[in-house]
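Chain nomenclature is as follows: A, B, C, D, E and F, assigned in order of appearance, with residue numbering initiated at 1 for each chain independently.
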Amino acid sequence: MSRQDGRAPDQLRPITITRDWIAHAEGSVLVEFGGTRVLCAASVQDSVPRWRRGSGQGWVTAEYAMLPRATNTRNDRESVRGKIGGRTHEISRLIGRSLRACVDFKALGENSVVLDCDVLQADGGTRTAAITGAYVALADAVRWMRERKMCPGDPLIGSISAVSVGVVGGVPLLDLCYVEDVAAGTDMNVVMTGEGAFVEVQGTAEGAPFDRDVLNQLLDLAAAGCEELTLHQQEALGR
Amino acid sequence: MSRQDGRAPDQLRPITITRDWIAHAEGSVLVEFGGTRVLCAASVQDSVPRWRRGSGQGWVTAEYAMLPRATNTRNDRESVRGKIGGRTHEISRLIGRSLRACVDFKALGENSVVLDCDVLQADGGTRTAAITGAYVALADAVRWMRERKMCPGDPLIGSISAVSVGVVGGVPLLDLCYVEDVAAGTDMNVVMTGEGAFVEVQGTAEGAPFDRDVLNQLLDLAAAGCEELTLHQQEALGR
Amino acid sequence: MSRQDGRAPDQLRPITITRDWIAHAEGSVLVEFGGTRVLCAASVQDSVPRWRRGSGQGWVTAEYAMLPRATNTRNDRESVRGKIGGRTHEISRLIGRSLRACVDFKALGENSVVLDCDVLQADGGTRTAAITGAYVALADAVRWMRERKMCPGDPLIGSISAVSVGVVGGVPLLDLCYVEDVAAGTDMNVVMTGEGAFVEVQGTAEGAPFDRDVLNQLLDLAAAGCEELTLHQQEALGR
Amino acid sequence: MSRQDGRAPDQLRPITITRDWIAHAEGSVLVEFGGTRVLCAASVQDSVPRWRRGSGQGWVTAEYAMLPRATNTRNDRESVRGKIGGRTHEISRLIGRSLRACVDFKALGENSVVLDCDVLQADGGTRTAAITGAYVALADAVRWMRERKMCPGDPLIGSISAVSVGVVGGVPLLDLCYVEDVAAGTDMNVVMTGEGAFVEVQGTAEGAPFDRDVLNQLLDLAAAGCEELTLHQQEALGR
Amino acid sequence: MSRQDGRAPDQLRPITITRDWIAHAEGSVLVEFGGTRVLCAASVQDSVPRWRRGSGQGWVTAEYAMLPRATNTRNDRESVRGKIGGRTHEISRLIGRSLRACVDFKALGENSVVLDCDVLQADGGTRTAAITGAYVALADAVRWMRERKMCPGDPLIGSISAVSVGVVGGVPLLDLCYVEDVAAGTDMNVVMTGEGAFVEVQGTAEGAPFDRDVLNQLLDLAAAGCEELTLHQQEALGR
Amino acid sequence: MSRQDGRAPDQLRPITITRDWIAHAEGSVLVEFGGTRVLCAASVQDSVPRWRRGSGQGWVTAEYAMLPRATNTRNDRESVRGKIGGRTHEISRLIGRSLRACVDFKALGENSVVLDCDVLQADGGTRTAAITGAYVALADAVRWMRERKMCPGDPLIGSISAVSVGVVGGVPLLDLCYVEDVAAGTDMNVVMTGEGAFVEVQGTAEGAPFDRDVLNQLLDLAAAGCEELTLHQQEALGR
C-alpha cells in the first residue's frame, strides 16, 4: 500500500516555516505542512488576566480558527453563528496548554502572549501545524520582549512541536493529510518537547478500538516526527 | 507516601452504580466514584440528526453539565452566561465519542440515544465517572428499545468504562480525587472497552513533561482500573 | 370523582425533606412532593450585588432549572439553546421574591445567599416544592453563617412554604400532580408564611374564567396545605 | 392621607383609548392610564405556530417592551444587550395568556394575532394598561378579519381588562401610579372579563405579608376598576 | 409623470416637529415626514464612555430601532432574535456620526447625550427623519444642561438636517416615500449643516450605476431640501 | 506637503492581485494595496436563499472580517465576543451590494456566490481593496461555473473596483494608508464600474463639514484611481 502523495509511512509532508509574515505582530509565522497552511501570530500584552494579577507571573493563551473557505466546502463563520463550536474551543485549549509547557511564567513577568492560529488552507493536521508554528511565533515574541527588557528572565525553557499519527488500512502513518485522516481507524495527536518528552497524547479510536501494540508503534512514529519538526523550527529560528 | 483517604496507589474509590434513578428516562443511573456523583440519563428518540437521515443508521450523542453547587465554590450557570464553556464542550464530545465505540449503528436503526450526564457533586474524575455510568444507562435504553422491537439488531457490541490516572509527588495513582487531581503533574483519562482495548487516551503534562516510562506505568494502572469498573458495570446490569 | 393516586381533594402528596444532600453547599435539601424531586442548594457569599454595596444590607436570590430528562420527554438544555426561557426566568424570580419575604436584610449584613433549585424529576408543582425546600436550605445556610458570626443579627424572621391548588373537573384540589395540572381549568400557586399570611397569590384561568367563590375555596385549601408543609419543614429542621 | 394627584382611593386615573393610531396594523390603539402611555398593535397572520398546524385552531400571542427613555432614567435596549430580561418575558406571557381568555380558537380558524405592546411613557401600571388597550386592538383586528371572511365564526367571546391595586401606607388604592407602586407594601395585578370573572390574580407582598382581609379589599377595588375600564373599552369601540 | 401624493419632484412631504413629546427625556421630539413618524429622545448622562474618561470632552451617540409593526408587515423584534441586524447598526452609526458634526465636545465637558430614534410608523426616509428630529431633541437636551450649568461652554456649533433623494423612472425626486424608495434606481441620503456644507453623502445604485450628472442633480435637490428642513427646525425651536 | 511614502496625491499604492491563492475555493485572490492585504475567496453554491427560490435568479453576498492581529494592536475575535460589530456588518453589506452591481442574476440562474474577504494585514483602505479583489475572485468563480455549464447565460455584465479618497491637511489624496486615514478631515469610499459609472459614493466629514468643491475634487481623484484599478484587474485576469 502506498500513500496518495508517494510518502513513506514515516515521512513528514514538506514543512515550511516563514517568519515575519505579518507586519504588526510581535511574532508571526506562516507554517505549512504540505497543503495545510496556518498563520500564527503572537501578540504581546503587558498585563495578565485578572486571576493572575499580583502573582508576578505571566500567561500564554491561544485562539484557533479557520477561514470559511479553508476547506473543500465553505463553513459558516462562528462570528455569524454567534458562538464558538466545540471543536474550535477544544483545539484552542490544546494549543494554549501545549505552549505553556515551554514557558517559565516567573521569568516572563506579568506579561501575556496571545497566540492566534488561523487556518488559511486545511489539508489535515491543522492543530499540530498550529502548535509547531506557534512555538516559533512565541520564540520571536519572547525575543522582542527581551530586547525591550520586559521580562525578568528568559521565559523559554524548551521548544514544543506536534504531529498527528494514525492507522490507515492497518498501517501506522506519520503526519496524516485530510484524505488519510478521514480514512484512519485510529487517530492520535502528540505534542512533545524538543528534548523528546510528552506534553500531550490524545489518541482516539475512530473505528475499532486499538491495542497497546498499535499505541506503541504510533508513539514511536510521533517521536521521530517531532524530532524532525524540532530541527525545522531551529533552522527557521537560525539556531 | 499515602493517599488522603488511605487508598493504595492502584485502588479505585468506592464505586456504586444505581439504576432507574429517574422515573421518566429510558435508562438512568446514579454513578458514584467516591464523592463524585453523576446522574446519567439515556433518552431514546425514534429519529436521527438531519445529516444521518435515510442512512438506515442510528446515532448516540452526549451532553455533560455540572450543577452550580456541585463544587466547593458556586459556578455560574452556563444557561445564564448564555454560552457553553470550552471545558463542557470538550467533555460532552469525549463522552459521546467514547460511547459510540460500543454501538453498531446499523443494528440500532434510525434511532438516537442522548446521554445526559449531570454532575450533582464533584470530587475529581467527573468525566470518567460519567462515561462509566452512561454505559449502563445506554445498556438499559437499548434493552428498552429491543423490548419494543425498535432496533433491527443488537446495537451493543461491547462495554465501555473510563478512569483517570496521574502522577502525584512522583507516584502514579489510579482514580484521582479532586485534591490529587490538582496536585498531579501528569494527568491522564483513559477510556477502554470491556475487552481491554483503548478507545481514548488523553494524557496531559500539567507540570513537567513526562517520559515514555511514566506513560507506560499510567496505562498499566488505567487498564487494571477499567477492568475492575467493567465488573461493577456487569454486576449492576445483573450479568 | 377520585384522584389518580387515591388522595382526598385536600390531601398533600407524600412530602420528604432530606437535608445535607450535597457535600459542598452551606445548605442543601432534596425535597420531594410525591414524584416531584427538587435539589435545593444554598450558597453563601460574603458580598452583595453592586447596587447593594455600602448599604449594610444583604440579598437573597434564586435560580430555577430543570434537568433535560426531568420530564416525560427530553427538553433541550437552556445552556445549549444559549438563552433562558420565559418560564425559567419567571419561576426563578418568584422563588427569590418569596424567600426574601422571610429575611431581615440588615440582620444578614452585606452577605448574599443564592438558592439553586434544580428539578431532578418533575411531576407537577415543581415551583412550590422548590420554594418549600429552598426555605430549609436557606435556614441551614443562615445557621452556617451565624456559627461563623458573619451576620450582625438573626436574618430569619419567619418561614415560607408554597403549594399549588386548582380546579379539576369542577372540584378544587390541593397539590396537583402533573396529570391534574394539565387537566386543571384554574391553577393557582400560593406562597405563605409559617404564620399564615400571604406572600404571593398567582391564579390563572387556563380554561374558563373563575369567580370569587372558587377563588375563596382555593385559598382555603392552599392555607391548610401550607400549614401542613410548615410542620414538615419544622420537623426536618429538628424544631 | 391623600393621593399625589388628588384621586380618591377607588378612583382610576384619566383613561383614554385612541384607535387606529398606527397606519399599517390591522388594529392599533394608544392607551393612556394617566401618564402611562402604551402603543398596542395587533398584527394578523394567516398561519399558526408549527405545534398548532392542522388543528383548525388559531392562536394569540403578545410581546411587551419599553422604549429606552419611557422611564425617568434611560434603560439599555434589550436588543443591544442581546437578550430579553426576566421582567419583559413575564409580562409578555401575562398579556398573551390574558387575551387568549376571550378568544374562541376554533372560531378564529388557523390564523394568528400578535399583540405588540410598546410602552412609550411609563408611570406605573404599564402591564395592566397594555392588557386593557390590547383588547381593543384585538377587537379591531378581529373585525378586520371578519370583514375579509378569514374566520369560520366569531372569535371574540368576551372582553378583557386589567388594573393594578395595592396597599400604600395601610390604605388599599386602585390603579397605582409609579410613586405609589414604589411605596406599596402589597401589589396586585388583576385581569378580569367584562362579565366580572377572574382571568389572572397576581398578588405580591413587596413588604410585609398580607392577610385574607386585605386580599379581599384589594379584589373589591380591582373588580370595580375593571368594570369601569370595560365601559371605556366599549365606548372606544362605539358599542 | 406625477408623484403618488401629487408633490412636485423638488417638494418635501408635510413636515411636523413636535417637541416635549415624552415626559421623562431631557429632550424629545416626534418628527413626521409625511407618513414616517419617529420618536427622538435625548438622554443626558453626566459621564462618558471609558475610552473618553479624563479627556475633558463629551460624547454623543445614537440608537435607531423600529417598532415591530411600524411597517406594512410585522418584523420580528431584534431583542427576541437576540441580535441587532446590519441595517440597524448601520443607521445607528450614521445618526450618531451626523449629530456629532454639530457638537463641540470640549464645550460639552465630560457629559454624554444618547439619542434614541424609534420609528413608530415607517413610510420611507426613516433615517433622514431621525437625524432631522434628533437635532431638535439634542438642542433641547443641551439647553437643559446649560440651564443646570453642566457644560463649560456652548456645545452646539451648528445645526444638522438630512433628506433622501433618488431617481425614479428617470426623474430625480426629493424626500422619497416608501413606494418611491422601492422603485428608485439610485438612492441617496444626504446630511448637511444648517450652513449648507456636507456631513454625509451616501449614494447607492440599486439598479443601474449612475453618472456624474445624475449625482449633481441629486445633490442640488438635497441641498435645497435640507435648507428647508433647517427652517422647520428653527421654527420648532422658536428661533 | 509630501506623503509619508513619497507618493503623489493622485497616486495609488503598489497594487498586486494574486489569483488562485487558496486551493479549495472556486475563485480566490490575495489583493494588496501597499501594506493592506486581503484574502478574497469566492464560494459557489448551487442554491439560493429561501426568499429567492423559484425565481430563476441567483444571488451574490459577502462577508468581511479581520484577523485579530491584522492591526497594530490585537482586536478580540467577533466569534469570541459572540456578535458581529456594526463596522463589520456595514462593510459586509457594502461589498455585497457593490459586487451585485456587475451581475445579471437571471444569467446566473439559481446559484449563489459567497465572497469571503478576510483582512490578513491592515493599512487603510481594507474595504476598497476587498471590493477590488473580490471582483477578480468572482470573475474566476463565474468562469468555473460556466465551464461546468451551471449558468443559463453570462452573469458578468461589467467590472467593479473601489478606492478611498480623503482630505489630509487640506490636500485631496487618493488611496489613503492608515496614517492618512486617521488624519483625514473628510473621508470617502467610491465604488465604480469599469466603464466609469458610480455604484456607491460614501463620503463622511470626520472633522469639518466639506463643501461641493471639495466633493468634486475627491470624485475626480476617485474616478482616475478606479480606472487604474480596473486595468490591474484586467491584467490579473489575463485580458
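Note that a contact is a pair of C-beta atoms (placed from the backbone, for glycine too) under 8 Å apart; a residue touches a chain by one contact, two chains touch by 3 or more.
Being a predicted model, the structure only gives us computed values, none of them experimental.
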| item | value |
| --- | --- |
| Both-way neighbours, i.e. chains that touch subunit C and touch subunit A | B |
| Touch-network distance, subunit A to subunit E, counted in steps | 2 |
| Geometric centre distance via CA averages, subunit D-subunit B, whole Å | 51 |
| Centre-to-centre distance between subunit B and subunit A (centres being mean Cα positions), rounded to whole Å | 28 |
| Subunit C and subunit F, separation of their C-alpha mean positions in angstrom | 59 |
| For subunit D, residues contacting two or more additional chains | 82-84 |
| Contact graph of the chains (line, ring, star, complete, other) | ring |
| Direction subunit F, origin subunit A - full chain order round the ring | A, F, E, D, C, B |
| Residue ranges of subunit E in contact with subunit F within the complex | 83-87, 89-90, 92-93, 97, 101, 188, 192-193, 195-205, 208-212, 215, 219 |
| Subunit B contact footprint on subunit C (complex, rising order) | 22-25, 28, 35, 39, 41, 43, 45, 63, 65, 67-74, 77-80, 82-84, 88, 114, 116, 118, 120-123 |
